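Next come two complexes, and both contain subunit A; in the first it sits with subunit B, in the second with subunit C.
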Partner chain A sequence: MHINTEFMAETFLASLGGIPVTLEITLVTLLISVPPAFFMALARQRRKGIGSRLASAYVSFIRGTPVVLQILFLYSLLPSLLNYLFTQVMSLQVNVFKWNTILYAFIVFSLNTTAVLSEVFRSALSTVEHGQMEGALSVGLSRRQAYARIILPQALVSALPNICNATVNLLKSTSLAFMMTVQDITAIAKVRAAYGYNYIEAYLVVLVVYILLCTVVQLLFKAVERYLSSYKKLIAA
Partner chain B sequence: MLEVRNVHKSFGDNEILKGVDLKVEKGDIIVILGPSGSGKTTLLRCINFLERAEKGTMDFDDIHTEFKTASRHQINAIRKRTGFVFQNYNLFANKTALQNVTEGLTVARKVPKQEADARAKEALDRVGLSDRYDYYPSQLSGGQQQRVGIARAIAVNPEVILFDEPTSALDPELVGEVLNVMKALARDGATMIVVTHEMGFAQDVASRVVFMSEGTVVEQGAPKEIFRAPKDPRTAQFLRRILRDDYEYSI
Partner chain C sequence: MRPFHPSYIITALGQIIPFLWVTLATMAGTVFFGSLAGLMLARAKVRRRPLSRALANVYIYMTRCIPSIVLLFIIYYGLPELLLAFGININGFDKAFFVITTFSVLFAANMAEVFRSAYEAIDPGQREAALSAGLSEWEAFFRILLPQCVTVALPNFANALVNLMKEGSLAYTIGMVDVMGKGQLMIGMNNGSYSLEIYLALAILYWALTIVLEKGFGYVEKRLSSGKRTAAA
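The block that comes next holds the complex of A and B.
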């Protein structure tokens, strides 16, 4: 077997051009997902009420279906559904078929990540004893102040490793965006491989690029974790 | 100063408080005794609205309210004029001892930071923690944590402080330091409602002992009367049992 190293070097450089797209999908997805995930976690923490049940049904649904299938399904369904909604129901002059397909990537990955993060947040909130909320209320803080100043900072510290995990998983699964014709790292490498049938080389390069990206993300999270958990670090010292 | 009347509280079908009355005057040290499950904690929690009683009224100085319909505004006003010391301390784990105490001042009462720091240090000094301002709760012993809890409660100059078994989570050798702090507060004229199983504290410090059983106040009076000549057989039985346990414990 002959490995075309020149092709690999070129593909490496070319696929670097896809990094912004990959990072964009990852970051935008996280930004969209965090608020609803947080409120779902709060709803589920109460354990009763319609909100809690809806949230848990949603999480089960997302968790119980493969991402690939979610992409195929939504990518087939969404454009025509949105088109119907805009042109028929709201009578707007919008052509959804001309939208950048990255928008669909945002939607699909956000639906998924919201479910993942809501679980992460829920377990993080449960690591902070309820007593601290009562301590805060008893000295006159409002519930909102107690969450902002006491509960969430601690929950965030214990959530970070899992948020890191979720982010890395998301970053990796954005490679499926090529199915929606988004030009991310994977898509670029695949297209180049197709010219001369250099698939093995192309995939090797893509592997390396993802390893590098994921490593950077993990290092970043480690640094944030160290910074935020100063009150825990003191204990160890 | 503080009076609650006819407090009823149920959890599901389980009626825990069945019409409790309690009256507290300024400077009173009320000790509430009673067997486990008699509703002592629940009563304190209802007074601070950590639990919502479904019936009963409350008069706190000029505030008159029904437990059931108390507005957020009234609840906030009552909480700001009371302190609560918890069995498990409930300190803020992400804050130092000093920050635990200033939180209620700077955030809830908008006291400027410098003044809050000064008042918090004074409170910590009163509980004997002048050398622990910058320690996190996890770096403190149980007794020290509970003293931070007391400092947090007194720093806001509450009109009445509620104590829920403040020493029962502590190792025996640490109980004394917390009780001493509480005795000092009592000497300085604080108004306190204390749920405890520390009979010595009740005998020495209480201005009135309230005995609860199965969600009602069975009898109340000066500690001497209650300990020497309990009128209700339930009080007598409880005292016999607990004093015997204390005795056995001490040998």
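The block that comes next holds the complex of A and C.
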């Protein structure tokens, strides 16, 4: 077996150029998905009404289908649909086909992560006892204040490990963005590999880069968790 | 706007479903080999031998960080070359071999955690009580500990299985013809038309499978944990 180490070193440096794209997809996706996921979790907590049912069906569908399939489906649907909407329905002069395909990556991964995070938030909200809400209301806070100041800070601490998990999974699934011709780590390595059929070397490099990225993400979450859960120590002391 | 024919979804489903057994068979193979490896990893984690435990931890950590598509490509392109260096030629092997190998590597890490948490959830007093009641070590394991472990492990196992099924759809990228692969072939043969209908058919199929798996395991779990409820009452 022959491993071209020179190629590996070059590919490693080249694929570092893809890290910003991968991180951009991950971060933007998280930012887009957190608010709707939170409201979906609240809707599902009520357990009745049309909102709760719709949210359950949405989560079930997204979690029941592979990410690849969602990517393939939306990537074959969205460009022509958006083009139709903009040029025919709204008669705007927009060329959808010139947009950066990273937009579609944002859409697909946000739809997916919203479902995942809504489950995370739902279980986190259920870990805060009901008495906390009653206590907050009885000292004169409004419902909104009670959520923002009492419930959420506590729920966030118990949600963090699961949010970390969701982020790592999201980071991993962004490796499928190459199917939408987004130039992320995997895509860069794949193109370089195709020149000289150096697939093994290229993918080994990608593997190392992902392990490094995941490690950084997990260390960051550990640090945030330690910082946020400091209130627990105060109570214990 | 492109045309959309809802009735083609049914046609597509009819052509895709015969390939369901490929998906299910690769899943079964992966579950078998992945669980065996997972059992060994869990054993290494539970026993207090520092070296094997550290190795198991590193293995689990690394596989958690690897995107499955990257590992699939590494094994598909790399394993034949690696084995050729030892004089073993697997170039003619079926694609399913590489798919099962890849996903077993990943599934083993999930299963290790499932087994470990199930094992640790059982109070050691259960074993001691069983032994003091006169059961042998084997009897205590099979009649007292294992049934309790299974109840704890089932929900996590179901979760891992559903994830495996969804990740397994990536097998089409190396050319295996399972349900996903068949769908892609159909799109290719239609020169790209009907792609939305075919993807919807696939989505319905995967969604239905997920619901069946979840409901099925939920039912089994309820049946198995019935003993628990009477004990608590």
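The criterion applied here is as follows: the second predicted complex is superposed on the first by the 232 of 237 C-alpha atoms of A that agree within 3 Å, B and C clash if a C-alpha of one lies under 4 Å from a C-alpha of the other, contacts with A are read in each partner's own complex, and residues count from 1 in each chain.
In this section, a residue touches a chain if its C-beta (ideal position, glycine included) is under 8 Å from a C-beta of that chain, and two chains touch if they have at least 3 such contacts.
Because the structure is predicted, anything quoted here is derived from the model rather than measured.
By the touch criterion defined above, A:Val168 reaches subunit C but does not reach subunit B.
Residue contacts after overlaying the shared chain place A:Val21 against neither subunit B nor subunit C.
By the touch criterion defined above, A:Thr186 lies against subunit C but remains apart from subunit B after alignment on the C-alpha atoms of chain A. The larger set of touched subunit A residues comes from C, when the choice is between subunit B and subunit C. Of the two partner chains, subunit B is the only one touched by A:Gly140; subunit C is not.
When the shared chain is aligned, subunit C comes close enough to touch A:Val68, but subunit B does not.
When both complexes are overlaid on chain A, the residue A:Gln132 reaches subunit B alone and has no touch with subunit C.
In the superposition on chain A, contact is made by A:Gln154 with subunit B only, not with subunit C. Within the superposed three-chain model, A:Thr215 lies in touch with subunit C and out of touch with subunit B [touch as defined at top]. The touching residues of subunit B, counted against subunit A in their complex, run 48, 50, 76, 79-80, 82-84, 86, 88-95, 103-104, 107-109, 136, 138-139, 149, 152-153, 156. Across the interface of their complex, subunit A is touched by residues 1-2, 62, 64-71, 73-74, 77-78, 81-82, 84-85, 162, 165-167, 169-170, 180, 195-196, 199-200, 202-203, 206-207, 209-211 of subunit C. Only residues 1, 60-61, 63-70, 72-73, 76-77, 80-81, 84, 88, 168, 172-173, 175-176, 186, 199-200, 203-204, 206-207, 210-211, 213-215 of subunit A touch subunit C when the two sit together in their complex. Interface residues of subunit A facing subunit B in the complex, by the touch rule stated above, are 128-129, 131-132, 134-142, 145, 149-150, 153-154, 157, 231-232, 234-235.
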